[in-house]
Amino acid sequence: MRTEMPFRHRAHEVSRIEAFSDIVFGFALTLIVVSLEVPKTYHELIEAMRGFPAFALCFAILLWIWHAHYTFYRRYALHDEFTLVINSLLLFVVLFYVYPLKFIFSGMFDRHGYTPANARVIFTIYGLGFVAIFLLYTLLYHHAYRKRAELDLNAVEEHDTLTHVMMFGANVGIGLASVAIAQLAPAEWLGFAGFIYFMIGVCAGTIGSIRGGKRRKVEADMVSESTASMSTQTIQPT
Amino acid sequence: MRTEMPFRHRAHEVSRIEAFSDIVFGFALTLIVVSLEVPKTYHELIEAMRGFPAFALCFAILLWIWHAHYTFYRRYALHDEFTLVINSLLLFVVLFYVYPLKFIFSGMFDRHGYTPANARVIFTIYGLGFVAIFLLYTLLYHHAYRKRAELDLNAVEEHDTLTHVMMFGANVGIGLASVAIAQLAPAEWLGFAGFIYFMIGVCAGTIGSIRGGKRRKVEADMVSESTASMSTQTIQPT
Amino acid sequence: MRTEMPFRHRAHEVSRIEAFSDIVFGFALTLIVVSLEVPKTYHELIEAMRGFPAFALCFAILLWIWHAHYTFYRRYALHDEFTLVINSLLLFVVLFYVYPLKFIFSGMFDRHGYTPANARVIFTIYGLGFVAIFLLYTLLYHHAYRKRAELDLNAVEEHDTLTHVMMFGANVGIGLASVAIAQLAPAEWLGFAGFIYFMIGVCAGTIGSIRGGKRRKVEADMVSESTASMSTQTIQPT
Amino acid sequence: MRTEMPFRHRAHEVSRIEAFSDIVFGFALTLIVVSLEVPKTYHELIEAMRGFPAFALCFAILLWIWHAHYTFYRRYALHDEFTLVINSLLLFVVLFYVYPLKFIFSGMFDRHGYTPANARVIFTIYGLGFVAIFLLYTLLYHHAYRKRAELDLNAVEEHDTLTHVMMFGANVGIGLASVAIAQLAPAEWLGFAGFIYFMIGVCAGTIGSIRGGKRRKVEADMVSESTASMSTQTIQPT
């Protein structure tokens, strides 16, 4: 009972949708990190190196988004029209947000001081992108949940799929809250539009601990049930 | 009879041609959306965000083209010299049209007002690209149709392949009509060179409904035939 | 005997080396066609469209090089250290030559008039790249020929491998001749450094017809031999 | 005993992690070689060609790093969370270092003369990147070593994995030594921060020869052992 029952992988080789998405993700990652002009002087090189923390953060965010994609296709291997459309929208949002992301985080570390009016717009832009990404993932995982019979998810996998729907849904809520603060809060409270993103960790932790406890129960039930059905089978074989 | 008989996939893993094409498509998609310069000021960021509708439309067009490619290789898995050559031409046209597409649609949303003379040229350029793409797809699907025996297409698959030839052929016709209007119509009628593209939906709908009805008949025939042959087989086994 | 005996494919799925090479080739293709700046005015768009013949030619050359790569890995599926090193050199030359290629062919169609001195250098640069590419392919196919026992090539496949070595070797010779003319010929004969590339078609045709005749003989021998061995087997089964 | 016992490949097809990494590596390679502006004049072309030695060296370094990646995934096919994180960090460092690498090596061949103060910083930047890359590889191979039971490594494979840990660890040491020299040495000794990288060859040679001798012993033991166990099996079959 110590090692968790794993989620079975339904994908066995990389599909064309995954490969195609990875090209777009790979592109986005590269454009996040690589500036388009080779430094020509020593000064420009040092300047480029100072982008390190902003690049690292954007890179981590993008890889986080990629990882949810990776997990989804590996587990469910869904290639129907619905996932194709959602995936297309996802790729569009990822590409559309590459440079805003880079701009916003570079600005954050540069401390080049946004005016409150600018900050409102920037938090709104970032927030909408964040909402779009996680809304699309919520839809994707919810779609997998609806198809649970067809995908032959067991009780634990069904539970895990719902947990993902909740976690991504919580992120959508956090993004919406940030946008609301950015639009409505007085200037001195504006910082909360940023600080609220720390709630991601809090939400993930809370959902993780509640759902984690329930998962162990589901797993125990599943094991005892399969043992029961096995002993039944021993008695009355078909 | 409610759920349609599906088209069988002859491809089982991603071929090198598909992977190679996807790199080119992925590149084209990225270049459509990502401007090549990172916004450096708040003003530039807002400017970049305003490209949203144009980018979204170009992205959708490109994904539509990609989807026809995806379907073709998944269904027929043809890798002969003919498809290789057509595919190469397709990739060339896609790459060649990335920036004109972006330019044309950005202009459309900016309303920076083309003069009638410019509009003629722009409609012609766009129209020729459109014709080239769909002519190549018409050729590809027609090639699959010619190879129907070798590919072992069943009656329904043969029917669907012809439906694709018709739909793509109709698009070629629409593109040619747009070019003709752009070249010959008086200035006040020039808008029709653009409006005619709404015919894509009309044509697809019409062809879809006519051919869809016939498909159900083909499918019914196929099912009853196979039932008949099965009962025959029961009587006189070979 | 009408349809040729095909060369068997030893590769069954895309290897990592092939996928990696395709990313580099895909990049090169894209950079050939896509100019790095989106046209911003109508005039720039028209200017970009005029690059069509040069881009088409460069694109064709690059796809020709890609096709030799595609064929090599598909047929021999060799992934030893030697092919890895040659392949790396090949990718380097391809990337290094992307922009010179684009420059040279754009210049050719623009007729912006090279001086004879410039022309010497440009023919030399192009020629050396051409020699490098086809020397590397000659080495690759020759390597496959040396490994013919290990690869279990049949008589026809052995013959075809040698034919490739000859054809690529002839291209090396043509490239060297062009460089020699570019360096040594008097200015009025300089054009021959370019015209000599038409010899590619002549050589390929000549080698193809001579070797093609021989291939039919090899094939006939192979068929009769296998028939003979089969009838022997009928008499003395092991 | 002449041909070495090979390391068995646990990977049978390209995983999504490998494909994704290759997109990033392919991007990095391309950006190393291709300058972002097409030469527009004859003079610019010649200028671009002069980058040859610097590009070739950077290309070789990047391919060396890629090759360690290729070997790792081919041999161990590890896709757990730990390798995923290390791999992500690796991709980040590779992308982050593309342009500094290009800048540093272009400068080296241009002899545009760094001041001692600049040289200190440049050697430090390069050294830290070098340390980061090889530290990550040391961790990856050490991780494979820890998982040797799970991966079912035989004695020779276990030996080879440790050899890799040593070689990459030695590179980490060399990088750290270079950084130390760059930071602490008097100006006239600064060159050693560069020359020390020649130690890579010396270390690799030394480790290779010592470990190579031991490998032959391990191999011999393994062979004799398996022969022994086979004869035992003949006597007492289970």
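In order of appearance the chains are A, B, C and D, and numbering begins at 1 in each one.
Assume a residue touches a chain if its C-beta (ideal position, glycine included) is under 8 Å from a C-beta of that chain, and two chains touch if they have at least 3 such contacts.
All of these numbers come straight from a predicted model, not from anything done at the bench.
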- Contacting chain A as well as chain D are chains none
- Item | Degree value of the rotation bringing chain A onto chain B, based on Cα positions, nearest 5 | 90
- Any idea how many Å lie between the Cα centroids of chain C and chain D? 31
- Averaging only over C-alpha atoms, locate the centres of chain A and chain C and give their separation in whole Å. 44
- Which chain A residues reach two or more other chains? 13-14, 19, 23, 27, 35-36
- Task: Work through the pairs of chains, note which ones touch, and then classify the graph as line, ring, star, complete or other.
- Result: ring
- Message: Per the contact definition, I'd like the list of chain A residues that touch chain B in the complex.
- Response: 13-16, 19-20, 23-24, 27-28, 31, 35-36, 84, 88, 91-92, 95-96, 98-100, 102-103, 114, 118, 121-122, 125
- Query: For the complex, which residues does chain C have touching chain B?
  - Reply: 13-14, 18-19, 22-23, 25-27, 29-30, 33-40, 42, 45-46, 48-49, 52, 55-56, 59, 63, 66-67, 70, 74
